[in-house]
Each structure stands twice: as structure tokens, then as C-alpha cells.
Amino acid sequence: MTSDTLIQFALYILFLPLLGFLLLIFFGKRLPRQGDWIATGILGVTLLLSLIILFVKLLSYPAETFISQFTWIDFGDVPFIGPISVELGIMLDNLSVIMLVVVTLVSFLVHVFSIGYMQGDVRYSRYFAYLGLFSFSMLGIVITHNFLMMYIFWELVGLSSYLLIGHWYEKKTASDAAKKAFIVNRIGDAGMFVGIMIIFVTFSTFTFEKIFDSIAVGTIPFGSEAWLTAAGILIFCGAIGKSAQFPLHTWLPDAMEGPTPVSALIHAATMVAAGVYLIARTFTIMTGDALMVITYIGLITAIIGAVIAITQFDIKKVLAYSTISQLGYMVMALGTGAFTAGFFHLVTHASFKAGLFLGSGSVIHAMHEALHKKHDHQTDPQDIRNMGGLKKKMPVTYLTFLIFTLAISGVPFTSGFLSKDEILAGTLGFASVTGHYLVPVLAFLVAGLTAFYMFRLLILTFHGDHADSSRENDIHESPGVMTIPLIIFAALSLWFFYSFNPFGASSGWFYAAIERPMSVVPSVVQPVAAEVFKDAVHHAHTLAMVLSILIAGLGILFAFVVYHFRRVDADRLKNAAGPLYDFSYNKLYFDEMYDRSVVGGTMGLSNLSKWFDDTIIDGIVNGSAAITRWWSAFTGRFDNVVIDGLVNFSAYFTGFIGLILRKFQTGKVQTYIVFVIFSIIVFFFIFRTL
Amino acid sequence: MELSILGIGILTWVVFLPVLGMIVVLLLPKENGLAIRATTAAATGLQLLLSIVIFMRFDRALLGINDPDSFQFVEMYRWISVDAVPWVGRIEINYFLGIDGLSVLMVILTALISFIGAISSWNIKRLEKGYFSLYLLLATGMMGVFVALDFFLFFVFWEVMLLPMYFLIGIWGGPRREYAAIKFFIYTFVGSVLMLIVMLALYFSVTYVDPTTGEKVHTFNILMMMDPANFEPGTVLYGVDTTWRYAAWILLFIGFAIKIPLFPFHTWLPDAHVEAPTPISVILAGVLLKMGTYGLLRISYPIFPDATVHYLYPMAILGVISIIYGALCAMAQKDFKKLIAYSSISHMGIVVLGMAALNTQGMVGAVLQMFNHGTITAMLFLIVGVVYDRTGKLGLYDFGGLANQMPKYTGVVMIAFFAALGLPGLSGFISELFSFLGAFDTFRTLAIISVSGIVLTAAYMLWTLQRVFLGALKEEHKTLPDLTTRELIAFVPLAIIVIFLGVYPAPAIDLMNASLSYLVEVVRTGGEFVIIP
Amino acid sequence: MTYCIAQIPQWLAEPGLTHFLVISAILFSLGLLAVLTRRNVIMVLMGIELLLNSANINFIAFARYTTLALDAHLIALFVIILAAAEAAIALAIVLNIYQQFSTVNVDEVSTLRE
Amino acid sequence: MAEHILESISLFLPEIALTVTLCVAIIADLILKERNQNVAYVVIAGLVITTIFVLRQTGLTETIFSDMVAVDPFAVFFKIVLAVSGFFIVFFSMKCRELDANKKRIGEYYMLIVAMMLGMFIMVGATNLLLMYLALELSSIASYILAGYTKRARDSAEASLKYVIYGAVSSGMLIYGVSILYGITGATDIYGVNAALQTGDFSPLALLTAGILIIAGFGYKVTVAPFHFWSPDVYEGAPITITAFLAVASKAAGFAMMIRFFKVSFIDTALLDTAGVWDIVEGFQWNIILAVMAVLTMTLGNLVAIWQNNIKRLLAYSSIAHAGYILMGLVVLTDQGIASMMLYFVMYLFMNFGAFYIAMLISNKLDTEDIEDYKGLGYRAPLVCVAMAVFLISLTGIPPTAGFIAKFYLFAAVISAGWYGLVLIAAINTVISLFYYVRIFRNMFLIEPEGDTSKIEFSLSSKILVFALLIPTIFFGVYFRDIVDLAQASVKMFGL
């Protein structure tokens, strides 16, 4: 199979979902089954094609990069700048082909799951259409070869995310969440936009390759390394928004208002991982300082997510904060230089986190059905305090959920262990080279917390007794279309897909395929060199593995002690933690803070602007109402004339002078003659001196 | 490039077709509303057809701007020529039409928006004859501005649209129509009086030697004014970087800025929009605002390159203020139409910023933004018109949940709103992108500040979307009908253009790229250009 | 024959151009004063006559004290004639006013104003 | 001598024709008695003959009656303007219901119009100070009576009283100023005055006194501030036809006389060349005074006009403001300025008569002059109101109307002479003027009629007259080449 065929396949993969979107948006309602089979079928085909590409690429052309491009806009030879043209194109390298499979796989399975989950929804076909739009946009991000397309699809996934979060837009919380997601993402995108502006102004192109080459030969923005760092950080801003990194993470928990399969697809596995993918793509031009910023942002995010997740009761919220935390993990990994580990975690996380969400979807679906049957609309079907004991009723869901939980907690023989272990080793290595020991310490802490809150979730949901025994019998296992995807994800969460050695991924195919790219930035600002880093990681590896197993075990143990065996009363823990608990329970008050400062500030500024516009700017021209009223009392007739269209202040002013001048016209002819003589005298004296 | 029909040049046809239509409308009996409407639609439709012909036949490689030979479809007749009077030399006013890369897109836009406006005027109920004849006169005035190459002619067309607009707002407008109409009238009139002064000063400063007779001729020919060699020594605007040239530039700028409208000359716009009937809002936002920026590019830039370069930075600052301030004001509005009006201010700020960048990307972005803003805002006002027609309400909080009730409508709304907030894949993005890219090349800090505008735009657009279309449907709106075919006819071409140019903008960019690059060259070499970090 | 009652001052003994001009200026001012201060229209009209005649004095004085020809005399004659015509018209108008307003006080004839 | 007089008479035919018309009108009035409306036709016939005689004078540059009167393109141009306005006024008068109250005396009315025309014809040609004064008085005296000629006798009588007192005082000042000027120059014809002034052998103070007094006298005639006070009251009180006539013809004649007087006597002909700006005689900066007056006039006229509710009074103030614009043409001291003033008068004639005529038609039908009563008229009388809108637009100076071209050339002349400040003030004033013009057509179109909504019909002849004014107003806005040519060619005066 030649590279041309691969490119062709890639194009099919990209455009088939778009076709699906168009078909469903225009004809969806008229198609049989509202067209869900079209959408799902198309995704199945893309999955197949992606797998073909993956195998062919990794087996036949492991070290090559295929690019196909065309000139989209050609400015020609621009005066004072030189030739400018904008090329669009796609690029297939190992990174993108793996990502292709991840995206199409998750998307396909979510499509399948949705057939069950969304059955009977009012906008069923619309839902599948939007899923198609999302898949298209996400695939665009994956295979692009330039910043512009990256940005374009970046925004488009934002759009599809907006549409899907707001799927049940009759609920104000849903439309609020959708809006919030888009706007918060926009903030990050604005930063990314500025970063791209810096890049384009310097290199007059958007294409990754050309830019990397230019930097490699020493061309940097405005001749200053600081600008290069700035460009890196600004581009990373896009990732901050999309991957829900601190300080823009607040949209993701709210985004759980969308249908659960959407959360699985977009807000767990793929779109939110796009930020990580972006960092991986632009890793080459990140300076040491930029990577340091990335590391710490990731670290902070990881901790925030973990800390908040501990105290949440909404099943999806726990998963959402867990996602934030894990994304922070990946970002941090890339920042420290553990490139492969970070990306690897993206891939493994995609399957087990999508699985977790789908599992929770299955649970919510069951709860919802049960509550519906009882006409109970008060009880929240997503609150884990209303659950418990589902193990017996939903065995498949439980088992798969267990596997996912083990994976995310980093228990050996799972994919999560492989990737997390590598990341932790990376942080240790990073610390040993740079001296930033806070990074591994906190990373391990997060690992422990993750194990704890995930098992807390598992136990509260599935173990023990059901909260309300009267509805226990109404809870049933979900249908096959929902459980089969779960099983597939569960299988993918085991180690053997990635490496035959359950205690080390570095010998697997993944590590062979993905290698940390060479940094092209000027040597003075380069991050820790790959070889030095690799050495350090190698030394720390065993320690990391042992520690990680230990810490994960501790977390799991503690969760069982508190929630399963109830040796320690959860309420007492809560009281002991005191304000810390409230702090965590209230999500560290981020939303409140932003509402007061950013949202409140903007709205205040906006109202101020409106006031300024209505009162001052218009007022200068218009005369404020008060003066008008005062005058109307004074002259009686003024108001009449005001209403007659002389509201303008300038008019008011001239009108006022006119009013005075008018008084000279007394009607007495002798007064007129006095004025005339007076003027003559004035003229006389003025012009006598001239 | 020459093209004529019945011996009359195509541009004359494009400009005066609506006037022909107007004459027919005036001759039709008052009762025959359908014939009046059909005539209007036919006249503007033909205009659109001809502009498409122009688009096809337009030579993309010719430069235009200050080179009379590379203008296309040129028509030049001596209109007024007063023979040699000893103290002024010969006086010349020409009927001089022609287009280049700068104006061709505007011609197409004007024809398109005029046609769409005519379609959406279908449900005007009162005094149709008056309405449609004024409407057609307005169409002629607008088109004339974009094709005139003689300053006097430009000015005449500029003014011709003033009165129809006044009456169209004043007679067929909303409750406070009188106030809005007079405000519009006076603002614009101030601008045009300032322009008149500069025009006359230019006229007395510029002479050229007529090759056939060898005498010195005073002329209003804009192209002649662009050649510094044509300025008579000793006249007021002679020289480079003189106080008088700066003053003239500022007067012109105020005149154009009022039209754009640029902060702080913008307050007429929200009032005019709120009161104007829907088709007139469409015209106002779709075409009239562009006349300001077009005027700057056609007149201020090449005639006063020195002053232009000197004032680039203040101009960019005003652009940035407009972007952010307009967005902030939009956010605080409770009236649907007013919100869109303020969003226009914000979007036109982007045009000014792009223009001020004085490089090809920025200019292309700006002119494309002019076109895109024309189509997108036209859609937005049509959208407002749809709910206003059905409910008579404009408050943002009066609605909610329309998405379910009116799916086709909501589809159109989505396209327009997301195009307005600069979503990639729709036309607004491309032009904003290049405007900002260009601006960043010249004013780094300003460009970075202005990017915050895209966040604010997203915020108020989505908030509006939420308030009007999402949420629960109100009881009294449960019977609202979806878009009618006639409304769809107005929406669909715009939507197609918005999407097409978002996906493949090259056809539009190719039209103007050569001319605008040349304009950049002309202006930059005429003044001392510096990049401001 | 020495009835010398008093020595006539030099400036009065031989009146010159200046004297006439001063007289005419005084007359002009008096005329204006009458026009401005009198409330009776007839008196105002008499003030106007003074104005015109002060000009006449000027003309005649200039004719007398310079080498100019008879032009000035003719002008004076014309002005006198015009003054008469104007007075005739004015009086007719005053009559009309009296019929309409029953007064000849100019102050009261001021309904048209501002 | 006799030959000279005979020759002079042959060039004085227009004025003689007017005199004969005047006499015939008196006789006709006596004969026709009850049907004395027909005097109007006599007057029209007389005007036709006069116009023919005027047209035969084109191209001549002569002086007649021993330098008393000049027959030159400048005078001919203004005579044509006066004759055309005479025609219009006679037609207006035949339509005017205001005049019906005094039907029996209507013959006198036409007769007085002819007398006034005669005075104005002489004004535009006079080159002798005495003749100027006499002509001015002739037209003034006739207009004193005409101002009082109406059915609403009270206002009318008041107007004429004020007019006569004010006019007499002003003419007193004028003649006093002339007497001083005569004293210092020893000449009565303006060429002699000029020759004497160029020697510089006189007291500047005396010249200043004379100059200011003369300006006051002329200023009264052309209604420029601060000598305009009579005009609003008289314009409001006088019959509308006479108001229109005063606002256009009388002003044109006054300006013509003023231009000739200043251009001939107060400039330094030694330094006069074809290149441009004239030099004024030393000792008296009269153009600065005129500039100040121009600014005062236009500003005052516009600002006060905003407050008027009576259409006649509003148009009166508007015509004051226009006098201010026109005066700018003289201030700049160029032939181009004069040409643009002349052009302005042509355009002004049509648009201002148009506005007055429609105000009269409406007053005829609705018996009101209050602008508030115009509400919704656009729906009741569309044709007339659209025409009114065009006239008002033209008065504002918006293309494509004659008013724009007039203003355009005037501003052009001012700018080319470098008076940027002045033109800026004029531009601002143009914007201010928009307020009150707009108010009229706002009332007509933007407000729907209340109460009586029946259509108002006008007679065919009225409509024809409206079109006769409307068509030039638009035509000159689009095609103005010939009229500009004519104005520029007519700047030529005898002796320069």
C-alpha cells in the first residue's frame, strides 16, 4: 500500500463524518431510525480505515511522515514582506495515526452506546449529526499539518462540544454550561490565536514543518528567545482551555450537563485530550521555560482535580474532576519531557475514562428508568448517595467499571499502570536533573488520591445496599448496545494491547512508534536534553514503580476502610477536615471567584460602557434628560421643540444661542435702530485701529 | 476591460438600473403593490446579475488604485467643463466610473444586499410606492459611491443616499423613528460637509496638464489627486507632511469615521438600527457602513499617504477601542436589534484595525471583513426582522426556546451567529484572521489587546443565542410559524456565501489581492512607515 | 460806527467747513436721538427729516468750501424731494396704523417679533 | 451731447419699457376698474418687452448718461434675474388668496411691483452715488407700500410702519455716509471716487466713517446682520408674494449694487490683474467688516430660524442666513467669488421662490402659516410636498439639487482664496440649517395626518408653476455647466 493510498484513506476518514453530519442535519428526521445507522456505520468505516492506516504505517513506514497539501490562499509576493501563501494539508506520522485510531474507536463505540442511551430522545437525529460534526473536527485536529487548520478545527470541536453540551437546551443549566464551555475555551483560544499570530508574522507560514525548519536554522520571532517562549506558552493557552487546565478548568464539570456518551467521547477521551496532542505536536518549539510553565500548570491542575473529586457526590462530576486531574497529569508529563509517557497516558486514559463515563451512563440510564417508573422526579439519578448495591443488578457494568477503576488507579496489569508508572518515573527523572522535587512528590500524592476517590466512587455506587430498597427491583442491566462497548473498552484497559510486559511499557510497540522529537529551539533555551532525561528516568524507574504500586494500594485500602468496611466514619473524617472539606466540596470556590471577578468585572465594564455610551457620548451630543427638563420648566416651549427632534446637545446648544439671539428681535423698531447704531459704533472702534 | 450593453457601459447600467426601476415604480398605479414589488425586485435582481457578470469578467491581475490604465470597465465622459477662466484655469468634473480590486467586491456586495433587501421588503404594507421608489434611489446612490472615480461624483452619490435613508427610517421606522432619522441625517451630513471642504481644497491644489490642449486643468479626478506631482506648488495641500495636509486628512477621516461608525462617532448607529425597518437595517449595516471604510481606502489612503501613515497608530487605537467597546456595549443591551447594532461597531473596528496595519494581509482582511460583515450582519438583521415581524417584540428577554419551534430559522441563526463570532469554517473567521494577522505585524500590543474582542464577541453572541433560542418556549410563542419561502430566498444565498467564503475564500481574495498589495506599496512609499511594537 | 457790542470770536467770525460739518453732525445726532427716543411716530419721522437734512448740509458745505461743481447742490435737491416723498408715504402708513391700532405710539406697534 | 443722450436712451430701453409699463398699468387700472385683475397681464406684457430689451443688451459694455449708468454683462445678468423673479411674482400674485381682500386696489399692487422693479433695474446698473441712492429709495418706497398691502391689515400695517422707519433711517445713514465720501473724494460717480481714493490723500477716519455708514445703508437692503432687524418682522407681516420678492429680487439688486460699489470704488485698480485677488484701497479694511457681517448673518439667521414656527418667518430667517453665505463671495475679493455669488442668485431664485410658493399654496388652502399645521400634509398633497422637500433640500445644499451647486461654487471660491476659517463656519452653519429645514419635511412626511385626511387638490396652473420652479432646481443640480459659464462671463463690469 503506497503512501498515496494512506493519504486517500485519511481524507476519507476526515470527510466521511462530515458527510454523515450533512446527511443527518438535512434529512435526519426523514430517514429510517432517524439515521443513527448512517452515523454509526460511517464511524465504523472510519475506524476500519484508521486501523488499516495504523498497521500499514507502523509496519511498513515506521519512520516516515506523509504530507499532502494544497495552497488555500495565495497572496503572492507581498510588498515589504515577501511571498505569503496559506497551505492546508494533512500529515500522517506515528503520532497522528495512533490518535486517529483512538478518536475513531472511541467515537464509534460511543455511537453504538448512544443508540441505546439516547433512544427516544426528542432530537435523536440531531444528536447523531452533531456527533458526526465532532468526529470530523476532532479528526481534523489530529491529521492537520499546520497551525491554521489546527486552530480552525480547534474552534470547530468547540462548536460541536457547545452543541452537544447544550443538547438538552431547554434546561437552563445545560445551555449555561454550553455557553460557559465555549466562552472559557475561547479565552484559551484567544491566547493560542496570539501565539499563532507571532508564529505567522515571523515565518509567513502556518505549516509545522516549515516553521520547525526555520527555527532550527535560527529564525526566531522578533529575534528574541523570550518571544519564542511566549509563543510556546500562548499556544499552550489553547491547550489550557481545551484540556481544562488550571485556571480554565471550570467549564469541564459543568459540561457534564450534556448526554453522558458525549461526556465520554468529548469530555473524557478525545476533545479534552486535544490539548495534550497540541503540546505533543508543538513540543519541538517549546523552550525550557515554556515547558516549565506547562509542567507546573499540569501539576496544579492534577492536584486541583484530585482534591475536588474526593468530595463530590455526582457520579459524573467525580469523573469530570478525575478527568481534569488526569489531563493535568498528561500535560505535566509532557512538560517534564516524558513525551512518550504523556502521550501514552492520553491513549490509555482515553479507553478507560471513556469506559468509566459510559459505565456511569449505564448506571444513570438504569437509575433514570427506575425513577421514571416510580414517577419520581425529585431524586437525582446521578447522585451516588442515591445508589449503592448495583453490583448484583448490573454485573457487566460493575465488572467493567471495576477494571476501569483499577486502570485509572494504576494497579498492575492494567494499561493505566503502564502509562502512569512511566509518567511518575519521568517526574522523578525530571526532578533529579532539574531539582524540582515538588513535582514528583505531588504527582505521587495525586496518584494516591486518584486511587482513593475512584474506589470511593466504585464502592458507593456498586457495593453495599441500595439507598432506596423500593426501587431496587426496577433497576436492570443495560441492553447489549450499551454493554458491548463497555466490554471492548474494558479489554482495551488491560496491559497486553500496549506491551507484553505488564510492568514496563518501554519494550512495547508504542514506545517504539512514538519517540520524543528533537527540540529545535536555540540551545540557550532548550529543555533538558532527551538523552540526559532518558538516563535519569532509567535510574528512577524501579523506584517509581514500587512507589506507585504502594501508593495506589494505600489509596485503595483507605477507600475500602472508609466506605466498604466503614471502619472509619466518613462524616467524622469530614468534620476533622473542617474547612478543607468545604473547600474541596465547593470546588475550591473557583466558580464563585470567577463569577465575582471575571464575569462580574466584564459585566460591570459592559454596563459601564453602556452607561457611558448612553449618557456621556450620546449626552455630549444629546443633552441629558435632566438639563432638558430643567429647561423646559424655564422656557415652556423648549420641550415641544425637543420632542420635535432637537434633542441633540449641539442642537440644544445652538438652539440656546438662537433663543438668546431671538430675544434681540423685540418687535420695537426703535430698539432695532439702537442695535444698528451700536453695531456701527463697535465697528468704528474696532476698525479704527486696524 | 470594456463591456457595454446597448452602447452604454455596464457600470452605468449597474448604477442606474434602480433609477430606471424607480421611474417605472413611479408610473405604476399606487394600488398595484405586487407590480411595484416585482419591479423593485427585478431592477435589483438585474443589478445583481450584472454584478455577477462583472465578477466573471473582472481581470484579477490589474492593479488599479492610482493607475488609470488598469481600471476596468472604465467610463469617462466630460460632465462639466468650464473653459479657461484666467484666475483658475480650466475646471473639470467628469462622469468617471471604473472599478479595481478594491471596489469590485463592494459592487457585488451592494448588488447582493440591495436584492436581498428588496426581497425582504416584500411585507412593507404602507405607502409601497413611496417606499420602493426611495429604496431604489438609495440603491443607486450606494452603488454609485463604489464605482465613482471622480470626487465630485463620489460626493454626489454619497449625498444621494442620505435623503432616501432619512425618509425610509423616518416614515417606515419604529416608534422613535423621527429621532433616529434626524440623528442619522445630521451625523452623516456633518461628515459630508467636512468632506466637501477637503474635496474643494484638493480641487484647488491639484492640476494636470491636458495632453490634448496643453492647458492646466483643475480636476476632481481622484486618480489625478493621488499623484504628488499634480499638486501645484504654493497651494494649500501641496507638499508632504504639512499641517494642512494633516488637517485635511483629519476632516476626511471624521467624515468617514462617522459613517463607519468608529468610536466616538458611533451613537447614531444603534438608534438608526433600532428604529429602521428590517430591510433598511440590512442595507444600513450591509452596505452603508462600508462606504466609510471604502472612502478611507479609496480617498484618504492614496491621496494623503503621508498623513495616513502619520495617523495610522491613532486610527488603529480607535479601531481597537471600537472592537472592545462595541462588544462591551453589545453585551449590556437588552434589545435584540441594538445588540446587533453594537456588534456592527465592534466588527467594523476590526476593519479599521486591519486597514491601519498597512500591509497586504491586513488590507485583504479588512476589505474581506467589509464584505463578510455585510453578508453576516445582513443575515443578523433579517433574523431580528423575522421575530419582529411575527411578534412585534425586540427585547432579548421576551423570547426563549425558539430553537424547537422554528428549526429552519434556528439553523440560519446558528450560521449567522457563529459567523459573527468568527467561527472557523464561516466567512467571518477568515477576514478577522487576516485583519488581526496584519495588525500584529504592525502594532503588536494593539493587536494582542484587540484579540480579547473575540472572547467578548463569543460571550454576547452566545448569551443572546441562549436567551432567545434556547431554554423553555414561552406559551404565547407556541404558534409561531417557521420561515416562509420568501424569507428563505433572502437567507439562503447569504448563508451559502458565508459558508463558501469560510471554506474557500480564495475567489474573493484573488479579486482584490493585487490591487490591495499595490495600494500598500503606494501608501507606504508615500509616507514614513514604522512598525510599532 | 462802533457798535461793537462784543468781540466776535475768531472762530465765529469766519465760519469754515468745519463749522458746517460740526453742525451737520450735531443735527444728525439730534435726528437719531429723536428717532430713538420719541414714542410718537410723527416725531420719529421728523427725526428722520433731520437725518436727511444733516446730509444735505454736508453736501452744500462741501460744495461751498471746495472747488467742486454743482453736483452737491443737485444731490441736496434730490434728497429734499425724496425726503418729501418718503414723508408722504410714511404719513399714509401712519394713518393706516392709527386706523388699525388706534394709536401712533411706536412701542405699541410691536406684535411681530422674535 | 444730444447724440450722447440719444445713444444713452437707446441703451436705457429696459428701464424705459418698465416706466411705460408703469404708466400703462396705472391707466389700465383706471379703465378696467372692476376687472382690474387684468392689470397683471399688462404687467406681464411689459415685463416680456423689458426682458427682450435686456436680452438685446447682452455682450455690451457701455456707460450711459455721462457715467451715470453702466450697461455691462454684470448688470444684464442681474436684470435677467430680476425680470425672471418679476414674472414669478406676478404669477404668484395672481394665485395668492391673501391679496383678494383688496381686490379693488389690486391694480395699484401690480403697478407698485413695476415701480419696485424699475428701482432695482437702475440699482444694478447705477455707477453714480446719487443714482444709487435714488434707485434704492425708489425700490424701497414702493416696497414700503407693498409690505402693507394685505387683508390681515394689522400685521401688514405694522410691517410697513417698521419698514418705513427703519428704511428711512438707514437711507439717512447712507446718504450721510455718501456726503462724507463726497467730501473726501469730491466725486459722485464711483470711478471718480475710486480715482480719488487711490491717491490716498484723505483722512482715514473720515473714510472709515463714510464706509461704515454706507455699509449700514447697503446692509439694510441686503439684510445682513447687524442691519437686518427689520426683515423678519416685515417678511412676516407682508403678503407672502412680497416677502418672496423682497427675499430674492430686492436682495439680488442690493447685492448687485453693493458689489459694483465696492468692486469699483474701494479697490486698488493699479494693482488689479487677472491673476486673482484684488487689492483694496488703503485705510479701510472693508472686506474684513463684510467677513464679520457674513459670519454674524449666517449664524444668526440659522440659529434663530430654528425657533420659528411661522413658515414665512422661518423662510425670512433662512433668507437672512443665505445672505450671509452670499456675502462671503464678496469678502474673498476675487472675480470667482463674484461669479459664485451670481450663480447663487440664480439657484436661490428658483429654490427660494419654490419654498415660498408652496407655503403660499398651503396657506391658500389651509389658511395657515404655522409649521405645526403642516403635519401629515405629505399624505394629503404628495406632489406639492415632495416639491417642497426638494426645495428645502436644495436650500440646505444637498446634491443633486441646484442649492448644492450654488453652495459648492461659493465654498470653492472661498477656499480657493484661502479663507478656510470662514468656509468652516459656513459649513457648520449648513449643518445647523438642516435642523429647521428638516423640521418642515419631517412634519409633512414623518407624521401622519390627524383629523382631516382628505386630499388637497391644486389647480393645473399651480402645478405648472410648481414644476416651472422644480425642474430648474433639479436640472441645475445635475447639469450646471452653461449657467456657470454664464455667471463667470458676466462678472465683467464696465470700467474694469
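Chains here go by letter, A, B, C and D, matching the order in which they are written, and residues are numbered from 1 within each.
Basically, contacts are C-beta pairs under 8 Å (C-beta built on N, C-alpha and C of every residue); 3 or more make two chains touch, one makes a residue touch a chain.
These numbers come from a predicted model, not from an experiment.
Of the two chain pairs examined here, A-B and A-D, it is A-B that is joined by more C-beta pairs in contact. In terms of their C-alpha centroids, the spacing between subunit A and subunit B amounts to 37 Å. The distance from the centre of subunit A to the centre of subunit D, each centre being the mean of the chain's C-alpha atoms, comes to 77 Å.
One finds 98 Å separating the Cα centroids of subunit A and subunit C. We define each chain's centre as the mean of its Cα atoms; on that basis subunit B and subunit C are separated by 68 Å.
Within subunit D, the positions touching two or more other chains are listed as 161-162, 165, 169, 173, 232-233, 307, 435, 438, 442.
Among the residues of subunit C, those touching two or more other chains are numbered 32, 35, 44, 106, 109-114. Multi-chain contact residues of subunit A (touching two or more other chains) are listed as 645, 651, 662, 665, 667, 669, 673. Listed by label, the pairs of touching chains are A-B, A-C, A-D, B-D, C-D. Only residues 25, 72-76, 78-81, 84, 122, 148, 151-156, 159, 162, 166, 169-170, 172, 175-176, 178-179, 182-183, 186-187, 189-190, 193-194, 197-198, 200-201, 222, 602-603, 605-610, 613, 617-618, 621-622, 645, 647-648, 651 of subunit A touch subunit B when the two sit together in their complex. Those residues of subunit B lying in contact with subunit A across their complex are 178-179, 182-183, 186, 264, 266-267, 325, 328-329, 331-333, 359-361, 364, 401, 403-404, 411, 418, 423-425, 429, 433, 436-437, 440-441, 447-448, 451-452, 454-456, 458-459, 462-463, 465-466, 469-472, 504-506, 509-510, 513-514, 517-518, 520-521, 524, 533. By the touch criterion given at the top, residues 32, 35-37, 44, 106-107, 109-114 of subunit C touch subunit A in their complex.
Residues of subunit C that touch subunit D in their complex: 21, 24, 28, 31-32, 35, 41, 44-45, 48, 51-52, 54-56, 58-59, 61-62, 66-68, 71-72, 74-75, 78-79, 82, 85-86, 89-90, 92-94, 96-97, 99-101, 106, 109-114. Those residues of subunit D whose C-beta lies close enough to touch subunit A in the complex are 161-162, 165-166, 169-170, 173, 205, 208-209, 212-213, 215-216, 220, 226-227, 229-230, 232-233, 284-285, 288-289, 292, 300, 302-307, 432, 435, 438-439, 442.
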